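Think of it as A, B, C and D in the order they're written, each chain with its own count starting at 1.
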């Protein structure tokens, strides 16, 4: 499978989830064990101060980790995810890189970094996260 | 402040966040250090298998913990949250109880339990979570 | 099996680990899904300020969770544990309660609370933790 | 301050903690925001199957993160740490690299990787961890 096919397959997987369609997750790039996502800030995606809502921060990190795992082991289900919020998540768009740290027979450990993009496309790290996924 | 006023104040806080309005978070009950939320499953809130999306699982847990903290210390910002997914999050609605475990001058530790409700209102634990919130 | 036999069996399991013998973990009580441990503060167990070292905080929480799981599913291996440190861990002894939150075929989710005991036996919550254990 | 002075200062800090002296933590290298530790496997440091005890896994990760933070902001106290156990921690010695991910006025976020060393010095990743540290 070429990387283009991997990206197209992950985009179809993303679009099969109603939440991902609503959120507008775009799969930018993928390699075995790695994936890059992007989402334009939606008007309906904010917390009370106007920053990106923690639910979408978690969704991007969980999805980037899950897709990175998917490229190596196929279908997975998250059993744990954690998010560290390091800076206010303010941006025109958000970019998330996920990677597999360790892939086993039963479990996959992955992590991700979430960056806010300003209107000039400059990226700033705003959160990191880790997931544990069970092989389905 | 009566508990009714606390509930009304938290509902206004929730409704001031565009994501919470979209998701339809309802504040059912509140005491100092405790809060109960509910959300009817939305068509746009699902992952690829039709379960509640991890982003909404995280959003409910983060919000329940944040609101529980708010009742004791006012405005807070999450610096960390973690979610353990214990069973498929399938339900007509979801109910989330958050409580403060320890409230300090600079940090509040809170935790929450998320239950799926079937069409008869029976509840089943599907996830738990923990947050660390910085006092704003 | 009576609870006395459960306690005796867990104490033998604990004593089969060289670290636990060194640390002096005592199994106080056990039920299916629940266990209570105690450890007298050792001179060699401190961090630089004289508080209980994070390694021993983690060890008590991990052991209480693992033993609680063991009472329900037998041998387990931790794949994840997290610890929230809520107050300085200063005490004559430390008491830790672990309990299973959800036990599945492949994974067990457990959590624990750690209390410091002063010289009059009064207990104060100093840390909480969560673990995910794989059934061996 | 040269890196040699940084290493010497961190080794003194480590040796001021009775647990670290008992465990035999050696500071191998340090830069601002980064530190490397090593510990020879002790007979008294094992869990029931003979692997490195989770308490020492946590202690190495917590210490590597705390020392990495110390190089940038001085004294810190851990408020949260989490550990993902990816492979059996079996080795002649253990090597741990810690680094600051984000350093703020009130909090520092750090992460660490723990490797087992076999008798030929070959390293294998066995655990990763994350910490949140409060600036003292």
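The rule we apply is simple: contacts are C-beta pairs under 8 Å (C-beta built on N, C-alpha and C of every residue); 3 or more make two chains touch, one makes a residue touch a chain.
Because the structure is a prediction, the values reported are computed rather than measured.
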Centroid-based (C-alpha) most distant chain relative to chain A: C
Pair joined by more contacting C-beta pairs (A-D or A-B): A-B
Intercentroid distance (Cα basis), chain B paired with chain A, Å: 22
Inter-chain centre distance, chain A versus chain C - centres from mean C-alpha coordinates, in Å: 34
Length of the line joining the C-alpha centres of chain A and chain D, rounded to whole Å: 29
Residues of chain D engaged with two or more neighbouring chains: 79-80, 82, 84, 86, 132
Residue numbers on chain A that touch chain B, as the complex places them: 13, 16-23, 43-48, 53-60, 62-63, 77-86
Sites on chain B touched by chain C in the complex: 82, 84, 86-87, 101-102, 104, 109, 111, 125, 128, 130, 132
Residue numbers on chain A that touch chain C, as the complex places them: 79-80, 82, 106-107, 132, 134
